[in-house]
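Heads up: the structure comes next, in structure tokens.
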Amino acid sequence: MPIVVTNIARAERDATDALSKYGAATVHEAQGRTGLMNPRLRPIYRGPAISGTAVTVTAPPGDNWMIHVAAEHCREGDIMVVSPISHSVSGYFGDMLGALLKARGVRGLIIDAGCRDVDELQEMGFPVWSRAICAHGTVKESLGDVNIAISCGGIVVNPGDAIVADNDGVVVVPRLDVGRVAEASRAREERETMIRKRYSSGELGLDINNMRPRLAEKGLVYVDQADRDKN
Amino acid sequence: MPIVVTNIARAERDATDALSKYGAATVHEAQGRTGLMNPRLRPIYRGPAISGTAVTVTAPPGDNWMIHVAAEHCREGDIMVVSPISHSVSGYFGDMLGALLKARGVRGLIIDAGCRDVDELQEMGFPVWSRAICAHGTVKESLGDVNIAISCGGIVVNPGDAIVADNDGVVVVPRLDVGRVAEASRAREERETMIRKRYSSGELGLDINNMRPRLAEKGLVYVDQADRDKN
Amino acid sequence: MPIVVTNIARAERDATDALSKYGAATVHEAQGRTGLMNPRLRPIYRGPAISGTAVTVTAPPGDNWMIHVAAEHCREGDIMVVSPISHSVSGYFGDMLGALLKARGVRGLIIDAGCRDVDELQEMGFPVWSRAICAHGTVKESLGDVNIAISCGGIVVNPGDAIVADNDGVVVVPRLDVGRVAEASRAREERETMIRKRYSSGELGLDINNMRPRLAEKGLVYVDQADRDKN
Amino acid sequence: MPIVVTNIARAERDATDALSKYGAATVHEAQGRTGLMNPRLRPIYRGPAISGTAVTVTAPPGDNWMIHVAAEHCREGDIMVVSPISHSVSGYFGDMLGALLKARGVRGLIIDAGCRDVDELQEMGFPVWSRAICAHGTVKESLGDVNIAISCGGIVVNPGDAIVADNDGVVVVPRLDVGRVAEASRAREERETMIRKRYSSGELGLDINNMRPRLAEKGLVYVDQADRDKN
Amino acid sequence: MPIVVTNIARAERDATDALSKYGAATVHEAQGRTGLMNPRLRPIYRGPAISGTAVTVTAPPGDNWMIHVAAEHCREGDIMVVSPISHSVSGYFGDMLGALLKARGVRGLIIDAGCRDVDELQEMGFPVWSRAICAHGTVKESLGDVNIAISCGGIVVNPGDAIVADNDGVVVVPRLDVGRVAEASRAREERETMIRKRYSSGELGLDINNMRPRLAEKGLVYVDQADRDKN
Amino acid sequence: MPIVVTNIARAERDATDALSKYGAATVHEAQGRTGLMNPRLRPIYRGPAISGTAVTVTAPPGDNWMIHVAAEHCREGDIMVVSPISHSVSGYFGDMLGALLKARGVRGLIIDAGCRDVDELQEMGFPVWSRAICAHGTVKESLGDVNIAISCGGIVVNPGDAIVADNDGVVVVPRLDVGRVAEASRAREERETMIRKRYSSGELGLDINNMRPRLAEKGLVYVDQADRDKN
């Protein structure tokens, strides 16, 4: 039953590319606080944000064979997303596969397992988000799947979905939502730029967003320290 | 019962400010190896040490409303200390609130939960110690408290306590102890500078501190590898 | 029964020194995917690879006395390897001991516990791999052992074994295997350099390693997305 | 965009019900070692295996409102599967909701978050697999989804999939595979019963499965301790 | 500066004793979802709920001396609450101390560290909530404090506060709030008994609590699976 | 280089068998607080203590082949001790292998990885201490070693060492120390029985062990709550 799905549909290119401008936090908010992978997935080095279209891979624990299989089905603008079918921190990915994917135009790797050769990958500018940095080598014995729906970092990823990843984390945007979400992200950023300016000048969120009446209604009480000490 | 305590007493300013010179490890030792928060609290970027006076905040899991409330009660030289009342790694804090706190003279944030917008916060020079970097957004629905005694990183923090935080961790100094602890830190650093010089010249701690007799008394035995191999 | 073994045999110097050129991942592969410590051991700062000969230390939880004892038995080219006999993240090691070990020619520290003074250690160029950065001070009350077989990071380390550590992790090479492993590492690196070149030009692992027949034999099936959608 | 999908198709009843006879380990093996949730999901008490059809729920961190919404769409033979969209261990579920689901014929709950009232749930015989036992209450403020594809315990669960859960863990069987997998499970169990008999009489796996030639080919070497000590 | 505070005020006895009837989840809800310790604290065996008044202890990592000191200041109806000043899972407590505390009328132990002799403690009926079961012995070398405000399980505990602990977790009730919280717990339980009855008869929370209008207002949409498949 | 060492020397039988009477905590104390495995290793069910002689196994992550190889070299009174060479929680062991080992007189399994079929193993009375209960199946593709020194649960285990395991944890006693340690355990238990009697009658450790002078010398101060409140 292991399967490789070829010629997948991908999220619209321009909207996908735009996501990297907004970053993971904004995109995640813009699509209703969904799609953010678990924070155990961290960049192996701090670099710029990336966005691209997902090629999905499942792999047995400690076995990276399917990454080789999936590489053939990647193209310019893709991001490979790999999830072991059972918990593993082995080093599925290193500079060899980094060189291979980079040559094929892949923009980065998201892997819910281990990564190694972190210096070499940083040097060649191939970014990886992983749950561990671990040199333990993997075997090539058992099959998995390419381009089916997978669970990575606690989030369902479908092949062709848009991915945006930066130093705040990794967000998945469903393939057909990418245009709408890119637009909502742009709008949110615009709004935030204005508010940030007011915050920077010392204005309070309490006033900007008129929070005081609702706080009072919920029962918030203010007490002066001096009065408190008397009791 | 949610409460905001206003006009809290704060640790003496000069002594508090001096703590950043000594750093978390020295201050923690100087007050008898107490007050160090759990090492799960890590700086979101490596920067210089800070010290300041605590404004304390408790917040429901996944709800950052009280940070807005607390911001109004911060002033120049404060450090905000936030603890969720139940485990949460959501991203309570980002560049918007960073801009707000920075504008009010707050020197940094200690939060036993998640933080986001780490690049922007680094760029604006607003340091944060958090248990996770996580972009997941929070709601503004339920109340907590400001400026009561809280537990953060496994340590009791009272409002107005002094905080010192650097790349080794975060230490809390009780408000009224700050003068004594700053002085003890200074003395300890002086002593360490002398010993470090002797260490750097190759002298052993065994000799500097005359440890050999007590080691022998405790029963430590030396065996030459060659003799061991014979048996 | 606490014991210090003196005058231990050490892995051959030239081969040991050569290991740092190949790095943890390659050395670990070259000796049959063994000897890699658990990835919880991370460098306190990103620096160059080191290799050297192990001086081993066991210590009670929260007690760093034996590091002082062990220091006397270190010499140029050693790496100290410390493991608490029970789980501890206390800060066993800081800039004072760093100065001492550096003065004695020790190249670094591997410790399955906490480390502190990370800025000072980075400044002086003394690298440490630890399971935590934690400032909590330790006592000097109870004994452990020096230069017996220990378990560190899930791996057995014998005194005099070769250690190689870099940003991918820490690998132990048994004392008498170091020549053979250094040579195997060299050969592996040579082979990888050639393959990396082919990968970099876009050639697939599937083709370079002729994986397709074995994938087919294992039952891998390719399906076009369009055909899949029809069903 | 929050959505409740009604009238979902469900896995065939008889095959689904049969899965509980085989248990999680056997079913997982029978479908090619896939579908097993992360072992962080543990039963709140040790009880018999269950199987049923999935009603899927996503919920914001610390917010259990959608469980109430989903309850309406459960029917006899279902198992509710709940996953927060961001890490949370709050107590989403207790004896009140247990009473409600039990009344509707639901056979159990799988939740990648916290559960409470474990004594009461055990007493009423409503089994739960959760990642934590935690009493922290949740709010009812934000929406999620019911009966869309979710990620729970690291596995994609589609509404209507078959679930089997016992003291070894939780396994998901895709809706349309349940007949085939039930049959494969039966066959596997039959085979295992025979082999177990041979094992119980002291026969070795090495002999039953003729492993010796392949071990030799891989290079396994046998050495007598006495010979080893001589060197 | 280590200090033992004697003759502490304790929460009112009858109200404190009543809390065990309601259990941790109900008491926690009744005081506004506060006071629940982190779920890492688990009972070493499943037994009945207890409640009592807190005698608080801080202890150095791996050092249980202060438990002996604190024992003298316990009396009938107390619960000892112990927190190491730095992370430790050593076995601070076993059957010897269990026998001692039981003889003094102490009802149980809450410890944010390790416990051992779990069979013997279960046999003698002395309940413990701990973060680990660990046999590693502790020393008696360094001081801590008795009956000051401590942080245990992420919650501030003041001496004399009421504690309630059961198989759902551990809750702290501030000393002066215990009467009010006991009454609120009773009221909550009464209310829940009624609702549980309605749930048990199959009535939905959606209807009992009239949730439908607010769900609609928040934007929840219902879609039939059949309609969804058409698109 | 994978190796199976045959005809290993084993710890003396009678002393080894006696260890189970004393249990893990006592044996660990009796040998100077060493040899206790990490508390992540827990029994899959609560049963009686066992002791026996170690047959050691290393295995690749997710590969249980070597357990079959090792089974041939077990005999009546052994305990199998298995450690993956890299982190893995896969289910290396289940009721099939349990039946095999039981038939060969093996008393139990210690495994620093996952175990499955926990109900069946409990039913047949074959005890296992593991780091996880996980049904994920393993492959039989790569070699490891049998009866070499391994690291399991953070402790070095040599083939033929004595093992004692109970509900408090797992302790390793070096092969040649077992007689001495059994005797020291007996003596300790005798002593503890006497002290426990005094504790049970309410006598304090402070008095039995004359701790008060040393506490005073260390600087412990007693303050009455009433005096404290005055200040």
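Here are a few things to note about the model shown:
Order as written gives the chain letters A, B, C, D, E and F; numbering starts at 1 within each chain.
In this section, a residue touches a chain if its C-beta (ideal position, glycine included) is under 8 Å from a C-beta of that chain, and two chains touch if they have at least 3 such contacts.
Just so you know, these numbers come straight off a predicted model, no measurement behind them.
Under half of the residue numbers at the interface between copies chain A and chain C are found on both sides, making the touching surfaces mostly different. Residue-number overlap of contact pairs with A-B passes half for only one option from B-E, D-F or C-E: D-F. With angles rounded to a multiple of 5, the C-alpha fit of chain D against chain F returns 120 degrees of rotation. Taking the mean of the C-alpha atoms as each chain's centre, chain E and chain F sit 30 Å apart. The distance from the centre of chain A to the centre of chain F, each centre being the mean of the chain's C-alpha atoms, comes to 41 Å.
Rounded to whole angstrom units, the spacing between the C-alpha centres of chain B and chain F is 37.
Looking at chain A, residues 1-2, 33, 36, 39, 60, 86-87, 89, 134, 136, 142 sit in touch with two or more other chains.
Chain pairs that touch one another, listed by label: A-B, A-C, A-D, A-F, B-C, B-D, B-E, C-E, C-F, D-E, D-F, E-F.
Contact residues on chain B toward chain A in their complex (touch as defined above): 1-9, 65, 68-69, 71-72, 89, 91, 94-97, 99-100, 102-104, 114, 116-119, 132-137, 140, 142-143, 147, 159.
Every residue of chain B that touches chain C in the complex is listed here, in rising order: 24-25, 28-29, 33, 36, 39, 42, 46, 166-169, 171, 192, 195-196, 199-206, 209, 211, 215, 218-226, 228. Residues 60-63, 86-90, 134, 136, 139, 141-142 of chain E are the ones touching chain C in the complex.
On chain A, the positions that touch chain D within their shared complex are 1-2, 31-34, 36, 38-39, 58, 60, 83, 85-87, 112, 142, 149-152, 154-156.
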